[in-house]
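The data blocks that follow each hold one structure.
You will see chain A twice below: alongside chain B first, and alongside chain C after that.
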Partner chain A sequence: MTSTIIATEPAVDITKQSRARLAHRAGKFWRAGGPAVIFVAMFLVVAILTPAFLGGGGFTIVASSAAPILLVALGQALVLNIGSIDLSNASITLLGAILLALTLGPLGAVSPLVVLLMVTLFGAVNGVIVAFAQVPSFALTLGTFGIFQAAALVVSGATTVYVSQNAGLITPLYTSAVAGIPLTFVLGVVAAALAWFMLRFTRVGQGMTAIGKNESGAIFSAVRTRKLKIVAYSLSGFMAGLAGITIIAQAGSASSTGLGSDLLLPGIAAAIFGGTSISGGVTNPLNVIFGALTVALVPIATAVIGIAAQAQNLVYGIIIILIVALTLTRSRNAIIK
Partner chain B sequence: MDITLKAEHDPMTTDTTAIRLHEETNSRRLRFRGKGEPLALIGALIVLISIFSILNPRFATLVNLQNILSQASLPLIIGVGATFVILIGSIDLSVEGVMGAAGVVFVLLSANSRGGHDLGIWAWVAAIAIGIALGAANGLILTRIKLPSFIVTFGMWFIGLGIATILYGTDALPSLTNDALTTWVSHIAFLFPNVVWLAAALLIVATLVLRFTIFGRATLAIGNNEEIARSNGMPVNKYKVVIFIIAGGMSALAGILAAMQLGAVSNNVGSGYLFITIPAVVIGGTALSGGKGGMLQTALGVLLLTVLNNGLVLAGVSPDYQSALSGAILVAAIVAAAWSQRGRLRIAK
Partner chain C sequence: MTNHTVETATPTIRLVDVHKSFGSLTAVKAISLEIHRGEVVGLIGENGAGKSTLIKILTGIYQPDGGTIEVNGSEVKFRTPRDSVGAGIGVVHQEQSLFTNLTVAENIAMSNSSGSGTATRFGFLRWSNLYKSAEETLAIIGSKLNPKTRVGDLSFVDRQMVEIARAIRVRTSEGASPLVILDEPTSLLERGETQILEREIRKLKSFGSVIFVSHRLGEIMRICDRVIVMRNGEKVADRATSEVTEDELFKLMVGRESHSVVREHGALDRAETPALEVRSLSRKGHFSDLSLSVHPGRVTAILGTSGSGREEFCRAIFGAEKFDSGSLHINGVAAKNWRIHKAVKHGVAYVPSERKVEGMVGGFSAAENLTLVHPGTAAFGPFLRPWAQNKIAQGWFDTLDVRPNNVNQELDRFSGGNQQKVVLAKWLSNPNLRVLVLDHPLRGLDPGAAQTVNEQIKAACKNGTAVLLLADTLEEALEMGDDIVVMRDGVISGVYDVAIDDPSTLDLLEKMV
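Presenting the complex of A and B:
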């Protein structure tokens, strides 16, 4: 009698353990591949429902509209990774695009470099204030969002600024393609790969993730948290500038209400769809690529499938909540704010 | 001399003296900490009002005061709900979506240019019910599925907008045909427009609730330390759902009032209100991490931003610069509030 009990108990334990291990492995796979699976599944559904979508260069359309979202989302993911947020990066994109449109004529090839330097500095200003004044990043970047937005409005004179000359330096990014994928999107993928490499293999990247996972722990481990925060925000500004370049490549003009004026929320959504945690310490830039593709696909897919244009927002909102519910890793006793 | 002698004989004495002195300084600081921020805000408000009065004599008139207060009313109503939410350390980004959904429901169910039914008072009920439903959905997804409020309310923003867009359809802009409704908001009763009195009444009720009810104290306790609130047996999840319901209801009311002010409605009726309200709450001194702040501070924050916008227009400053000035003031306010608490080991996200 007693021996049977003794015999069964470890057996139960073993099945429990192996089940837990299986669940762990499945979770690990889902975290690594979830965003890609979701995008591919949605893309296939659209392709099956509307075969003409593939023939009509469907992926090219999705990729080209995903490019600026991807670049903004990469910067956002790097900032989210240190446990902060950057609400100002999309307004930096727009300001960068307007500055580029203004200076491309007179400065020529130097202009993109100057603009990238400037937007990186804008990002660094955010970083310096967050790191040294120790203010909540949500409120701070909400404030600088207003400042950059007004700057874009004033610099552009509240009208559309067209590139006067030298547009040929930038437009090939949009018009030429590698295997049907526009160069703007390729630029985003390269940036994502570099960001992934940095987070995975460099001290700077590992330090950033350490800040996001446990800032006190990072401070006590002699991670230079303030310097790394400035680096993260500078990179967010830099990526926003790259997004501005893709906008000029696509539109040849920029205005404070034109293309790219509503990148903030799609950028955050793409970072989150890519499995980035908003509490910090978890991000994979390669998955952000699929996050951005998903964000770009939703409006195109709803239109292609024939869901009324009016229902797009509703579908978008439900998908945001569903995808995060599916991809978020939660611990049992964590406090969710 | 005396102290050093003591120190040689009995190190404990000097140690306690140092600690006692430190504690005294701390308690002195604490006594003024609660009052410093609101006083600074009132000071800033007085300075702004004096400057604008000198720049344009039309600023300090009764008509302009009525203007400023009615401009401040909607952000204040939304701010009451947002303050509850921010006090528990969450955030409600769904404001504009809820406003759109409630505004469209209200106009379509009242006497409007598209015809349809006129449900009278039930139009109010239906519109507020939409807000309450969306708020309840926010709260339930936060507490049951355990998604962060940032994401839940971010999704709910689009869901609200989507409901508004679907209900709005593709017909012409529906405008209210009942003049009693369109003039109610700006109708002046006892010196100030109705909407100002409504906002003031809600502000007073919310202040009393936050100060004197178990629910109000629990709100602050949850924001201060959720773990301790939970282990003391507070029904934290229930309170959180109620708070999101309040926020949804307030946004819905603001949506109705915005539609009445315009006399017509589109799905974007709430556009821009989120990015007025959250800075106002934060400038007022309510901490985004929760547990610290209050309704009257939010009212001060809203007033400061409204006076600034109104005064700049009257002073002839181009509206292009306005978001920059609001942004700069937000940055200055949070940096000033956090400056004294800086420390090498302090963590600010």
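Presenting the complex of A and C:
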């Protein structure tokens, strides 16, 4: 009896081993490349169904509409990575855009710097309250979302604010392109690369991820969790401000209901499509690039393919669910809330 | 002992060539064993030896890749935990799995899938029957617990009684005898409670059989009739406890001799600045007027029961909890506005008892965990050097024999003993380590890992680190400590220099309670 076992067991083991190893590798590949594969596949489907889409500068259109989504999503990914959420970042984008439209004339080139400083402070306020008052981030940023929105209404006088002078300082971001890719999107890619480097190769980034994975463990390892939470929220504010700049570059004006007023949910969706875990500790900013492109492509694609306007939201919803199912980072035995 | 085996010719449970592997890892290799009615069988082995996998096979959580399981002479296949419960196998887990907000009776009924369904009618609970049957079950193990009590209000050992009652809730009337698996039931129990549990186990022998998993070899020798030793997924021994010694068991388990080196006590130089000096430290409701000093190279073990305030005191030294008054000096420097990061900067380290929650970031690799606090060459200013991280971690892995030898594996996928080695190395890698606070460092560790950890603590002492140790047992305190401080109700009730006073365990116990 023993001899038969010895004879059969290794064979069973080898197939099992290789199968397990294959599954492991496939999982790894999908986590690394899944978001890119999904975007490319969807883009190809649209290009095949509607060849005119490619000829008409399809990718440029998608990239320029993805740029603000990407910037907002990067900030969101950094906050999700520490196990919190920032529901206020899209309203910071609008407030930043309005402030830029107001000040670009009188202040000129200094204006974007001032605005970026201010939005970073707005983010920091979120961070300070989350870190020290220990208010759940969902509730807190829901509140500051309303406050920033109200501020945007007041500052803009509830009308559209047009850039009076010096628009030429900003518009080239939208109008110029490198190899057909608008500079606004290039800005997003650079920001993503820097965020990736920070998370991968700096102690600050490592500490942030540690908070998201296990906050108590991070505290007991002397990680400055409060400081890092403030940093994460400040970066979210900063990225939201960059998104505001891309809006001014594109529209030359800003209003509390205009372009960019609906960035919150696309931003969250793009972060998740990019493999960011909602429960914290897992994100890859480079994949968020593809997440943002995908989120930008879906509504454009439904229009280009010629789906009836009434059905576009339906298709959008279905595709969102499918992509989340495909890209959501799941850990073993984890309960997805 | 032999008369039990004569009593029933067919064993309660028989395993033949059961094996199970996960991917490339073979967790259980061709295990065969028999357990008869009335037997208490110890199951021992290092963390990762395959005990847990074997138990999960017996309880239907895992399905074996091959081999057969027989219950009372007939072959069975457990597809789900329900099948196993139906066959009369109950398990009491290390981490209790009771519903603390439900009553005793509800908890016992929760596992009731074996068809004696008088507790429900048309899917609704029948409370009177529920209470009655719970009382009957409790009576079998001689417990007088009120079935209407909320489990959350019970003491730890009473909860264990509920777990046992739940485990034996099977159809004893139909001739089947229950098998109760106790998975490290004593690791969290105090001494007196352990005795109660031992008594219960003897009662279980009269109508069923028991598999008793423990890391404490002394307990195994006392309680069990027979002991099965596992190593690397294999059964390496199956002996009657009367025919084997503790040292032999250790050797069988770990594969090397037990060398319990008696620590030579560090010479005390009172002129030297103490590494840790505490003067009348108080925190309202937790501890008051605590004064002690620990010199470099010395170990002070603090003893006390769970309400003695010793945990809070240790956490206050690390800056993890506050203190109201008194002062704290590290190497002669007064601690002001004490927080964790300041404590760490001054060379204080803390190994918490809640390893998984506080001791580590489970989702990080072992290498990342190891270099999280004191990166050394793994950081260049604010930047990380992952390759240096791996090199440092590999050095510790080799020193501490961490298995599996893969520094890039996530830390929560290692076994408890190997995790603890990494947690300890995280602090030991600080070249300026002054004060090492250890909160139950051996909790849940197998003897081999425990020995490695103790050796490292001793080595740190040799290098001039002062150690504050919250020991699990009096024996551990006596083995490791130069000084022993006993705490009771937040104040110090006794201080002993082990080399001079040579306190007995009885002396220490008296001061504790």
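As a working rule, the second predicted complex is superposed on the first by the 332 of 337 C-alpha atoms of A that agree within 3 Å, B and C clash if a C-alpha of one lies under 4 Å from a C-alpha of the other, contacts with A are read in each partner's own complex, and residues count from 1 in each chain.
Everything below uses one rule, namely that a contact is a pair of C-beta atoms (placed from the backbone, for glycine too) under 8 Å apart; a residue touches a chain by one contact, two chains touch by 3 or more.
This one's a predicted model, so the numbers in the text were calculated from it and none came from an experiment.
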item: Partner chain(s) touched by A:R21 [first = chain B, second = chain C, both, neither]; value: second
item: Touched partner set for A:R203, first chain B, second chain C, both or neither; value: second
item: Which superposed partner A:A269 touches (first chain B, second chain C, both, neither); value: first
item: Chain B versus chain C as contact partner of A:G281, first or second or both or neither; value: second
item: First (chain B), second (chain C), both or neither touched by A:Q134; value: first
item: Touching partner for A:I245 - first (chain B), second (chain C), both, neither; value: neither
item: Which superposed partner A:L259 touches (first chain B, second chain C, both, neither); value: neither
item: Of chain C and chain B, partner touching more chain A residues; value: B
item: Touched partner set for A:I219, first chain B, second chain C, both or neither; value: both
item: Which superposed partner A:L153 touches (first chain B, second chain C, both, neither); value: first
item: Common interface positions of chain A, toward chain B and toward chain C; value: 216, 219
item: Contacting residues of chain A [partner chain C, same complex]; value: 1, 5, 9, 12-13, 16-17, 20-21, 24, 200-204, 206, 209-210, 213-214, 216-224, 281-282, 331
item: Residues of chain A defined as touching chain B within the complex; value: 83-84, 129-130, 132-140, 142-147, 149-151, 153-154, 158, 215-216, 219, 265, 268-269, 272, 278-280, 308, 310-318, 320-321, 324-325, 328, 330, 334-337
item: Chain A-facing residues of chain B, complex; value: 88-91, 97, 141-143, 145-152, 154-163, 165-166, 168-170, 226-227, 275, 278-279, 282, 287-290, 320-331, 334-335, 337-339, 341-349
item: Touch list for chain C against partner chain A, complex; value: 17, 19, 21-24, 26, 30, 65-66, 320, 340-341, 343-344, 350, 352, 354, 357-364, 368-369, 372-373, 375, 379, 382-384, 386, 426
